[in-house]
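Shown below is the structure under consideration.
A, B, C, D and E are the chain letters, set down in written order, and residue numbers restart from 1 in every chain.
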């Protein structure tokens, strides 16, 4: 294969893994927005909590747990953290305007980040796994097994989520909650419970992202900040509350970034991704996959 | 023991994305004070830390607080050049000596000492000084080089100094990339760099981002020689890559601090804080321990008391041999410690040697401009 | 009927489609000055859509709307409102966090005398305008029985109260054409009578009124003319008693 | 009124929203199998009364009894499970869901999913509007069409007691007839109905008993015939002619 | 009569502000006052669109940072003095707000918030990367200090913080005046109408975009001037003037103080500026803990005081008057 083609394929693969990463973060964020109309600025920080959980579990003195088990544990821990946050902070303000709720999540974000800073200092923590160093080489294209795991996991999670929202009672209730909370009460949907479940799933997804991604990067208090914003951009691009749309938008961002930084410039890649985001909004205010109902 | 305490003020980013810098400074200074027994000539030492959040507004506030409220005798830090630069007028106006330990921005040089601000000193060499010493070495045996740096004053400043010199030595620069702090994914850029087939890379990154970068560099499979004008061989870096110490195998690091300079100290650092030494941590230590403390001691001995003014005089007059080399400030209040070369062999840092750093010719134009500004400041 | 009166609102071949649904198809009729015309039709026949098209909230797919001879098709809603056409919404809209009185005052936005600078400076002229507006608001509120709750935020009102509030707000700026989308739905018996009388009164003062209502008592008693829609098409246009007897209308709308 | 036959009873209930007091000392009884109508001027507290029974507004005083048990302060979900359902007026649906999905949500607490689907089919056969718009998001329906969907949602539950708030708002005359017919039908199949309706004449015609609410208190009550005869009630709520 | 009381009150406040720096013993304190006043101006301008027309522009610091850059990069080459630079920045940012507002107000409120945040990130990245123009992370340095031409004594360069303080006060006055007039009576009601229901607002002849733009532009112009002041005060302009942490601070100020209320916003800004100074000086709380405390305060206020601290004042005032005012008084 000519080198240009190899490089191009590699850029595409980079874009896909980056997109997969964004997608994992975005799915949860989009879910929360979809159900609770909540812009969760703390989502990236829950991802960060997942990173530290992974770090702690990998470094448990004396015991070495198998990586899959650790992943599950990280997901469980972050889901619980999400639950806690929902109970303590979000639940009491569930009926307030989205602005107030968004600011509250910013508060959570500040608290979590500084808590991490106090507990772990700003030293980045490394969380390598056996897979992050295993590299597959096919026709000059090198990619670590960890990235392949992520790609597969994301697709699996996406399909599972689809099925969950479309076909389970709880999934349908989630959609209902997003549209009319009072009506939910009237038909017997337990809104607080659904909100809790949503938060748990969403946080668990952030935890999953952390458990899968951190081995490639490193764990530090601010690791989630810019990520939240990118994921929010994807959520909006996809059409607010459209989980599928957000998923594809995340991949779109990943690909655009990878190709732009691969062929043009790295420094301006975020300019391009956020610029694209803003531009698309001007052309399609409701997002790529958004629909409008009523007046 | 009832002698008046002497206060050393530290202003650095303590929160936000580069809190690690401020933390490192605090570690270094704390250990230095402990090594001094917490006192100088009977005067207890006190470290006062304020957060400059790495931005001008908070820096001004922080320095004013140190000078006017805390009434410190001497100031350490800056950390970010945006903070250091903004603090300059306040330091000049407040009349308290300030010592920079790691800021490598050449622009600060112009304003110091005869440049107008007699209160600002700098222990570490700046990027131009180092580029002069190192560029030639890199050029030996390198035809095509890819440049990679953090998108900060540190990274930008270093490359800005190296680029013209490398070009002068006939090295072709195949790419130039700047990465924002905390970047997670470098693969796309690395893929492109690999495609451009450089025979060397110059990497200007601190440990944090550097470790992630190097991991992905290995993943992509770039096998060019790696020069580092950052910190890719420090014990801290090695800790970040402890799972695979070969990640930075063979990296050639040019700096003004190296782990091998003072192995016993590195060990003590690790024991004290549970985290290894690194350039900014070490530089903070040496600056406090040898430069600041020494000036304070001399001030007490020679003038009877340590005041900002006497400390400044003693800084100016300082001439001392330290583990990082001989420290003496020139007319721009700039010192010239060792240039160091270090590499990693079998996952262990190996101290290769030192290079003498010396004053370099600076653009007359820049010089004149600086004096102009300084005049303006002095005149007001 | 009274051809000497000039048409105020002319709806010509109005057509509107939604994805796969034809909400309006070639609907034409005129509204003469001082006329009280009712628009009726089964649910989903396109009445509200017609309102939305006339007042600029929906883009028209075909045909046009003239107001006093001027083409106002697809003009911005606020511009149409300022020309003197005011409407209510079927699904009651109020400003939930404003008090009832503030809701009323918000309805008068533009006084010719006002400009931005004057407003910023709060000249005494402006204070005077504000004062008269408040008085008028209280009169209207009294008429719909809401004066005693004028300091309550609108979100605390009952459904019928909000309906009444919305009715009162469209009257605030004294518009030329008043378009009411089911004003009596959810309004209790005595109040409907009240409302009916008030509408008649306005009409006698020369206001042109377009009324959508399913309350046949109201419609038959006060309308001068009735237009009937069915599946987006006009199926009848005439005097109340004629429309009532019309076979097509009976089948589509009244039953029995 | 035979006590043993009473299914729902309010005893001296006060209720309101925060500092705003709406219901004052309301006592009423509904017998099993009745249709009971509540009428009153706008803002009298009719909706509040239904919401209080359904647990959406907590009474500050008094008791609510259902099938002899005290249900004051019980959560809505519990009441639903015990067989009380509520159709609130005004845009109470899921606008982005289709008619079909809205009806499914109406049966959210039912376990017999197969029967639910059959019930939906039946409703769609019965009401042309539902059939026509079955797969359209409800937010895109006309006002009256939405009202119809909301009415149908409540029919999905098959409750023992059904509280209905102004089901005919915005409906064309033909559909008003139809709705009253359905109300009578489900009543005939054993459901007790508490109806709030501005179309008082029609409502009283269909019901056994009526209450008139004025400023949050019960002003008159009696069987439907009596109320229709009452001069005052007639003038205020049934129109002058 | 009520008007008279108000005027007297305002005069008292103004007098207090003028005398205040004379009580300060150190430049540090004067600097704290300057920062406080700057936050008040910043937050009032932000609240104009966030609290009143409901357009929460998370990218608002763009106008501050770019305003500062305009003064640092453009004003000197035009030979503008202090006031000239201020006006230039204000005008430029007003214009930017107009252009970006026309584009951004096409999108719904949540998207608007995130979209403007995206714009802020773009602006910061550009400032950081356009090394040749802005100096990137090395900052634009040596911004000229204000030079005042006092008749009879030749030009005087302003260096002393106290003098900067007095240069800043008029801007505060202007900000308060604009805020006050825009949020009162008819315009204020239109703002509220737009915030609460755009569709209904249009049906009443209120063009939502016009009022959103009005609030947005007015706020941007004030902030632009503020950025210009900052540039001339600190004499360095860095990409960190475009940081998202300004947004965070604004949100804390506005929501802790009380969105949509001038008194609340001012209170929030004062607390926000003074609290950290107190924490620093009195108790020596490490910075990370300080941030943690802000986060917690924010959460607690949101949870227990829905209308912000302002509701506490409101309640206290009511108790003082001995009566509960019946809902809101008619707009005066």
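Throughout what follows, a residue touches a chain if its C-beta (ideal position, glycine included) is under 8 Å from a C-beta of that chain, and two chains touch if they have at least 3 such contacts.
As the structure is a prediction and not an experimental result, all values here were calculated from the model.
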{"item": "Neighbouring chains common to chain A and chain C, by label", "value": "D, E"}
{"item": "Reference chain A; chain at largest CA-centroid distance", "value": "C"}
{"item": "Between the pairs A-D and A-E, the one where more C-beta pairs touch", "value": "A-E"}
{"item": "Most remote chain, CA-based centroid, reference being chain D", "value": "B"}
{"item": "Whole-Å separation of chain centres (CA-atom averages), chain B against chain C", "value": "73"}
{"item": "Gap in Å, rounded to a whole number, between the CA centres of chain B and chain A", "value": "36"}
{"item": "Computed distance of Cα centres, chain E from chain C, in Å", "value": "42"}
{"item": "Between chain B and chain D, centroid-to-centroid distance (C-alpha), Å", "value": "76"}
{"item": "Interface hub residues of chain D, defined as touching at least two other chains", "value": "140"}
{"item": "Sequence positions of chain A contacting 2 or more other chains", "value": "114, 117, 226, 267, 270, 295"}
{"item": "Interface hub residues of chain C, defined as touching at least two other chains", "value": "57"}
{"item": "Contact footprint of chain B on chain A as seen in their complex", "value": "3, 7, 10-11, 14-15, 17-18, 21, 114, 117, 121-124, 126, 128, 132-133, 135, 137, 142-144, 213, 216-218, 220-223, 225-227, 257-259, 261-263, 265-267, 269-270"}
{"item": "In the complex, chain B residues that touch chain E", "value": "14-16, 19, 49-51, 53-57, 60-61, 64-65, 67-69, 80-82, 85-86, 89, 93, 105, 107, 151-153, 156-157, 160, 178, 180, 373, 376, 379-380"}
{"item": "Chain D-facing residues of chain A, complex", "value": "169, 172-173, 175-176, 178-180, 182-183, 185-190, 291, 293-294"}
{"item": "Residue numbers on chain D that touch chain C, as the complex places them", "value": "17, 20, 39-44, 47-48, 89-91, 129, 133, 140-145, 147-148, 166, 169-177, 198, 200, 235-240"}
{"item": "Residues of chain E that touch chain A when the two form their complex", "value": "50, 54, 56, 103, 106-111, 113-115, 117-119, 121-122, 125-126, 129, 199, 244, 248, 251-252, 255, 259, 288-289, 291-292, 294-296, 298-299, 302-303, 306"}
